[in-house]
Amino acid sequence: MTSSDKTATYKPLNRDQMAWRAAQDLQEGAYVNLGIGMPTRAASYVPDGREVIFHSENGILGLGPKPEPGTEDENLIDAGKNYTTLIKGGVFMHHADAFLMIRGKHLDVSLLGAFEVSEAGDLANWTTEDPSFPPGVGGAMDLAVGAKEIRVIMDHTDKGGKPRILKKCRLPLTAPGCVKRIYTNLAVIDVTEQGLFVREMVEGMTLEQLQALTEPKLQLANNWQSLTPPAMAA
Amino acid sequence: MIDKRVASAAEAVAGVKDGAVVLVAGFGTVGIADDLLEALHEQGATNLTIVHNNAGNGDTGLARLINSGRVAKVICSYPRSGDYSAFLNAYRAKTLELELVPQGIISERMHAHAAGLGGFFSPVTAHTKLAEGKETREIDGVLYVFEKPLKGDIALLRAKKADRWGNLVYDQSARNFNPIMAMAADLSVVQVNEMVELGSLDPEAVVTPSIFIDRVVVVGAKA
Amino acid sequence: MTSSDKTATYKPLNRDQMAWRAAQDLQEGAYVNLGIGMPTRAASYVPDGREVIFHSENGILGLGPKPEPGTEDENLIDAGKNYTTLIKGGVFMHHADAFLMIRGKHLDVSLLGAFEVSEAGDLANWTTEDPSFPPGVGGAMDLAVGAKEIRVIMDHTDKGGKPRILKKCRLPLTAPGCVKRIYTNLAVIDVTEQGLFVREMVEGMTLEQLQALTEPKLQLANNWQSLTPPAMAA
Amino acid sequence: MIDKRVASAAEAVAGVKDGAVVLVAGFGTVGIADDLLEALHEQGATNLTIVHNNAGNGDTGLARLINSGRVAKVICSYPRSGDYSAFLNAYRAKTLELELVPQGIISERMHAHAAGLGGFFSPVTAHTKLAEGKETREIDGVLYVFEKPLKGDIALLRAKKADRWGNLVYDQSARNFNPIMAMAADLSVVQVNEMVELGSLDPEAVVTPSIFIDRVVVVGAKA
């Protein structure tokens, strides 16, 4: 099989495998904010022995795993409003200080969900403009401009199979030109000034197949690899 | 002898006027002054502007104020949280105005008021719909949006412990907006679980110094 | 003796008496910043039983009296860099929060020293423009704009007997129109939109005598009183 | 395992470049990283801009750097404090530039950088000589002066205790500028009296969270 084989078959990653892949790039000592939803799952897949410190916009630095049933503390929740824990060395701060950490480029990585990402790294993840519901932005715009590096984790296409990596975003922007890396259920793609580079694709996928599901032009990185997460229940 | 204790939640919220801007601390259902919100409902002020991260949940507290038609405007970052049907109904009926502000900008705008500033330039919302109609400025190659300070007539706060001066400490993530809102209102009132002796809070660990607090009421721990 | 008796004799207050007079106006529960120098002395003369909370720009709310000799703590100093103490209920904060309290109108009173005050309440207290020394401003300008009420304590005239309450300040301003009350060694004077009103004068002094030592026009308040502090060693 | 400890003050200040902006915490002689300043003298970087409340005392620390001709500029609020002869001599010889900034504006400008802001409007210095040449703006009838953020290449800090992540607590008024400067530099290094086990500092009472700290060196208590 080569990267130009048009009839190759492949299997997309499930959500836990996507979270696993994103987690592999979180380095020892990194301070990381995980967005609500799929990004939050990445916390469970940091390689053993690596200390990564997770930040929560509601005033926690050093977020731990979910509490054991029966040990939940009503005053200890994460940004998704789920019960959480604090690890040793973790601290609490007020909202303005929590967002100072976000906005002031103190976090190493912000891992966000997205509706759409453009080839320029524009991010759209805050509103679908559904006219029957009020808009909500939460901390999305603060997170999208603040961290040293913004990475996105999302399904490669929408439910109808249409690309979500676009030449230009159709939905209102969260922030322009901020995304540096995209983890999808099919590939790992870097956003560079020279365009989109595919770093990894799932086993059996070809660049042509991936391109067909992606609006802007993709280039295959010289050192591209197969994206091969461990087996995981979806 | 300074003693900021008041006897009841009703006394704590006494004097709120129609049209007041009310800062309501809390995130999700954590760190919210539920008893003060209920007392504000009893108190009767109307045409309120509420500053809060969300927009009420169920039919208590802020949601109850909305259902009773007492809220003219909500300044928040994320109305769609929990059971926000009270807000949604009023929003759809156009009886309530929404000013959507990113979460970190709500808190920084209150911080700016607290610090006596006239406004600041923020990179958040630049090049987005939320910056439409706002002043922008390029500084060192980055586009910033001018944000105005945000102040409250009253702040409704919840803390873990207070002393009679009004020094406060909080409980874990229930701290959230409380310390910022405490600094940003003309009148800051707090419900606490417990009063402690003056001098028993660690002076290195008080989160909200007493200067920001006007009234304290003990309502006991959350059920 | 009446207030128009030109030959009356009087005795100016000494520095402790001036500090005493300023302290009488500090109310129960007030949060007060005392400037370096004479204002600091006012802390000693708050009437018994009144709780007044003193703020220090270097991060203390609840400043206490000087420590007993031998009990000084090298890490506990006031804005004048003298050893101090913390009273029960006092707390520490960092510099930006200490100045947030100052600038954001959280303090009830800022009691400052001054070189000159104008009839409009302009304050000059930061530089004499001595060309052989570098200027220093410290917290003077923050304090002059920040508190709910700015009061000044100073000698009525300079060492040559020339007025320091002026139509316009000659020295560079610290802030315009900020001073509301002036405590001098001769009088207590309120700065109002209708001009300067003498609330108190020392025993035996006449308005004419005080006017002769004051550049702008003084008016005697209807309810003016004698300024009669207790005897104190200078 | 994260461990921000370094073995010596020399290692803590390694890499400071000529022309660097150095944030030096402390007020009077309290809360100053004396050992880091001496190590910086040994390290040799020159043409430094120093941000500090005062301008050095005697012939140690900052004063020694000035006497050795290594300081091109001082940004401070009050140079005339203690024995400031080192500064005075250089100032009179015009070998050193002074930028005089009110004390609360120094700290707020660093806070603005820490918070990712492009600048802010402050009421301080309006209508005074210190506002000459600066942008002003009237907002709601009050004149404000535009102030730019202030950042350091390195911050030299002093704290009481640290853990291996770099969480810090301070000792009374030795806190002063330390927490603000910790947030406002690209590289924040701290000398502490004592290292403690991770988890032994109260999570409600840590003043400087570890995210702001890069290097920690233990130098023992001040004599």
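Letters are used for the chains, namely A, B, C and D, taken in the order the chains are written, and counting of residues starts over at 1 for each.
Note that in this section a residue touches a chain if its C-beta (ideal position, glycine included) is under 8 Å from a C-beta of that chain, and two chains touch if they have at least 3 such contacts.
What you see is a predicted model, and the numbers here were worked out from it, not measured in a lab.
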Give me the set of chains touching subunit B intersected with the set touching subunit C. D
Could you name all chains that are in contact with subunit C and with subunit D at the same time? B
Just the number, please: Cα centre separation of subunit B and subunit D in whole Å. 33
Centre-of-Cα separation between subunit D and subunit A, whole angstrom: 36
How big is the gap, in whole Å, between where the Cα atoms of subunit A centre and where those of subunit C centre? 58
In subunit A, the residues touching two or more other chains are 86, 92-93, 96, 99-100, 103, 145-146
Residues of subunit B whose C-beta touches two or more other chains: 108, 111, 115-117, 122-123, 170, 172, 203-204, 207
Assign the assembly's chain-to-chain touch graph to one of these shapes: line, ring, star, complete, other. other
Following the definition at the start, I'd like every touching pair of chains, please. A-B, A-D, B-C, B-D, C-D
Residue set of subunit D touching subunit C in the complex reads 27-31, 55, 77-82, 87-88, 91-92, 98, 100-105, 107-108, 110-111, 122-130, 170-180, 207, 222
Could you pull out which subunit A residues touch subunit D in their complex? 28-29, 31, 51, 53, 55, 61-62, 86, 88-93, 96, 99-101, 103-107, 145-146
Complex contact set, residues of subunit B against subunit C: 1-2, 111, 113-117, 163, 165, 167, 183, 198-199, 201, 203-204, 206, 209-212
How about subunit D: which of its residues touch subunit B in the complex? 108, 112, 115-123, 137, 139-140, 142, 144, 169-170, 172, 202-205, 207
Please name which positions on subunit A make contact with subunit B in the complex. 56-60, 73-78, 81, 86, 92-96, 98-100, 102-103, 132-142, 145-146, 172-176
